[in-house]
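Next come two complexes, and both contain chain A; in the first it sits with chain B, in the second with chain C.
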Partner chain A sequence: MMANPFCVDINILEVRDLSVSFSASAGPVKVVDDISFDIKKNEIFGIVGESGSGKTVTALSILKLIDPSGRITAGKVIFGGMDILKIDEERMRQIRGARISMVFQEPSTSLDPVFTAGYQIEEAALAHGKMTTSAAKDAAIELLKTVHIKDPMKVYSSYPHQLSGGTKQRVSIAMALVNSPELVIMDEPTTALDVTIQSGILDLISEIVTVKKISVLFISHDLGVINRMCRRVAIMRRGKIVESGDKDAVLKNPSNSYTASLLASARALS
Partner chain B sequence: MMVSCRDVSKSFIGRHGVVKAVAGVSLQIKKGQALGLVGESASGKTTLGKMILGIMKPDSGEITMNTSRPQVIFQDPYNSLDPKMKIRDIIGEGLLTGIGKLRSTKYELQNKIQETADLVRLPVSVLDKYPHEFSGGERQRIAIARAVVTEPEFIVCDEPVSSLDMTIQLDILNLLKDVRQKFSMTYLFISHDLRAVKFICDRVAVMKEGLIVEEGPTAQIYSAPSHPYTKSLISSILEVS
Partner chain C sequence: MRDKIVLAAAIFIIMIIIFAVFAPFIATCDPSKIDALNILASPTGAHIFGTDTLGRDIFSRVVYGSRISLVIGFVAVGISVAIGVIFGSVAGYYGRKIDYCLMRFVDMMLCFPTLFLILAVVAVLEPSIWNIMVVIGATSWMGVARLVRAEILTLKERDYVAAARVMGASDVWIILKHLVPNAIGPVIVSATLGVGGAILVESSLSFLGIGVQPPTPSWGNILMDGRSTIGVAWWLTVYPGIFITLTVLSYNILGERLRDYFEPRLKR
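Then we have the complex of A and B:
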């Protein structure tokens, strides 16, 4: 695959020696165990792993959104020249949802059922005080067009239950983009969708990365999806990154036996 | 012929009126065949499977099944196993209710349970534990053991690997393949995952909006799909290399 011509060799996010533990009845469990990786400007960086490997906790740690039972025990997350693990909650709120936003797996639960799609996109903009109410409305409608929703005005005033899974995920993506973030974390953004719908959403994500020049941390359990989307990948297992690097190199010549077994399973089924 | 459906329909009354889940399906599954039923969510696959099993009655049409003891494996082994029952009792229950070959003595019953656990590659030590002590893959092995213990001729597998990790999926699919071969069973394999269907099935039926839009041998459906919907499904498969 051709490298993204816009991808610049500047790190937008650096995760260094990150460890996260959760307390459990049998004592603390290390869910993320001393991992490091970089996300470059304007690239889609993939994290692959099976359930319980620590992918989602990694993503949530970057946004400092892990459950109260979890604790970041070590490491740094460098973003915008500072270690965001050290800043206070007030400053974190200026980053979360604005400079770093997130798209979750399940749009039926990540959208609020009692508000319209349009309201929820506007709310994300207004929460950061960057826009007036009417500017937020314009931005919401414009973004619904950007994510290729066919009837943006109708979807703007629709409630989530009136929308299909694919449209809901497009709305979630629009919401994540409304504050012009530098980095969007996408945690299994197509896993809940049918395959033909998945394909359209993946196209949209690639397009947005090119047009908006954002970076994406793309988390998936599906090597086929990762292969299509990412330039560089990290493979996670039991809280550790067992292998990382250029996607083509990792998928062609895995150096780790776990990566090899993941690939073998995926190939046996293709 | 193991299963024969003729012009089967089923509607549900929803909040927004009548939804035709299955809209006139005719389908046959030969003895010993593994038929894949592919389609996206809400295409009617599970409803059709339930009607074939006799769990649900069709509104119209006719279904004949040439076996008295079909079995089923469900998608989510976190819901399909009774949390209060020991694995031994989960696997053995089918032998007590009369649909299986009745084991006359306790000894024979326990023997059969152990033999089946062995077949699905579960160690004997699991038998006195409870479902919550197992991972998703292990639970699905237990569900398979429960299904095959009665030596059924026909099993409906409804998305049996969809909730599992990739490496575990392959294990379970291999197990389903082996078990089928050992007992020359017939499968209706319901899945939205075209890769899993290709791995298991001899024939594929593609379902969309309650109708079967295309049906044929697996190799032909994957190499030369004729219906545009099948084409779009096949082209959505993402390969790793």
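Then we have the complex of A and C:
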């Protein structure tokens, strides 16, 4: 049976010619330099690159949350039929968390230590005023089950320091999903975790993408993880996308020398 | 041993709070009842702390005076914490020009000799309890502001703040829900130490005659009443003096203990 090509080919996010500069003492530094990519509905799109290559800044630009010293100098980010770089802060806040959300690298710092895990998931739901308190609680517990937490009631009322790294990252993922977003940005979601835990989280992410029909922008420096998760990838270096396209084409037959050297270093380790 | 001292300090503060709340039941006499036949009576069974130059019972006056000290201590610190937290969190969170302006204002406030500023304000306005509380609060918030600012400068870089922003939280929400609750430990320590300080300032003002006005008893003005007769009637100065000293000491001990609790790395 043929899959409906339109179903997968709808672009949920289009980034066109995006450039971001940061002001430094020696003048502006271009951190993201004229990059373009698309994320399709219900896919995991990967961005790989070494540290400082501009991966995270790209992700934060999509949410318009780069540091005050940085500025988006050119380009478009088309989401939901509009260029979100042009809309005002108030409308942007309604998109953040509700339609585009994010999972961070370090689960031990991305949860607030003074509130329980359950409260933080609820807070994310209540912040957009779409749910009542009791509905938010039900949604939080339901999501803790969705992310395969064994004892959801116990985790619901636990503080972050009482939870393991893997569980915390599952809670973070639950938080990102609470408003049923269309796109979730995952910035190195497994880098801070043990390899065994990592594998479980990666399985969870794949499962959620299938079940919840969301799209994911998956950022990593780990080619192995990217290879496992994504079908299409972009390789970033020094703010530029040096190569992008189908994973198999890019990773098996790199046309760019940097991609080749990246692959060579990964092979040398394994 | 240290825990015993802390316990003693806590018990003393609880005792003062009980004094303040149940003053009418604890005081043995009406604190402003003048008894011309019993002037400067030394401590006895009827007047356990003795009487003053007007024959008023010192114990009752000290008990009622604890109300003033406590109310001034808590309200003044409440005001100073409120101003300090607002200034510190806004300066720390927004940074840059706002931070610069607010912190230079703090520096300016710190340059005033506080006691003289209070004297000037009280000289212009009338020296009511309310005015004194507001003035003490309004001249003691700078430490809290600096403390909160420093905390928030580090806290705002945490991922959970970024996470809240990504989830669509507003600045006010982030400050109130994520930054202030995480910065509250040092503020509680500073507030506890501040209560002792405020009580001391109130006593000094009352002693100078520009604080709580007679006949309302406060520890400071009981002390002032006893100043002229210290040679013949030591009990007028010693008892309120002991209460002032022990109360301030107790708040300081408690504050130190709380600091150890919130910042265990600094523990001696």
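In this section, the second predicted complex is superposed on the first by the 263 of 270 C-alpha atoms of A that agree within 3 Å, B and C clash if a C-alpha of one lies under 4 Å from a C-alpha of the other, contacts with A are read in each partner's own complex, and residues count from 1 in each chain.
In this text, a contact is a pair of C-beta atoms (placed from the backbone, for glycine too) under 8 Å apart; a residue touches a chain by one contact, two chains touch by 3 or more.
Bear in mind that the values here come from a model prediction, so they are computed numbers and not experimental data.
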| item | value |
| --- | --- |
| Touching partner for A:Phe104 - first (chain B), second (chain C), both, neither | second |
| Which of chain B and chain C A:Glu207 touches, first, second, both or neither | neither |
| First (chain B), second (chain C), both or neither touched by A:Asn227 | first |
| Common ground on chain A, meaning residues reached by chain C in one complex and by chain B in the other | none |
| For the chain B and chain A complex, residues of the former touching the latter | 40-41, 136, 165-170, 173, 192, 194-196, 198-199, 232-233, 235-241 |
| Chain A contact footprint on chain C (complex, rising order) | 95-96, 158-160, 162-170, 173, 177-178, 181-182 |
| List of chain A residues in touch with chain B within their complex | 50-51, 165, 194-199, 221-225, 227-228, 251-252, 261-270 |
| Sites on chain A touched by chain C in the complex | 63, 65, 68, 93-98, 101-102, 104-106, 109-115, 123-124, 127-128, 172, 175-176 |
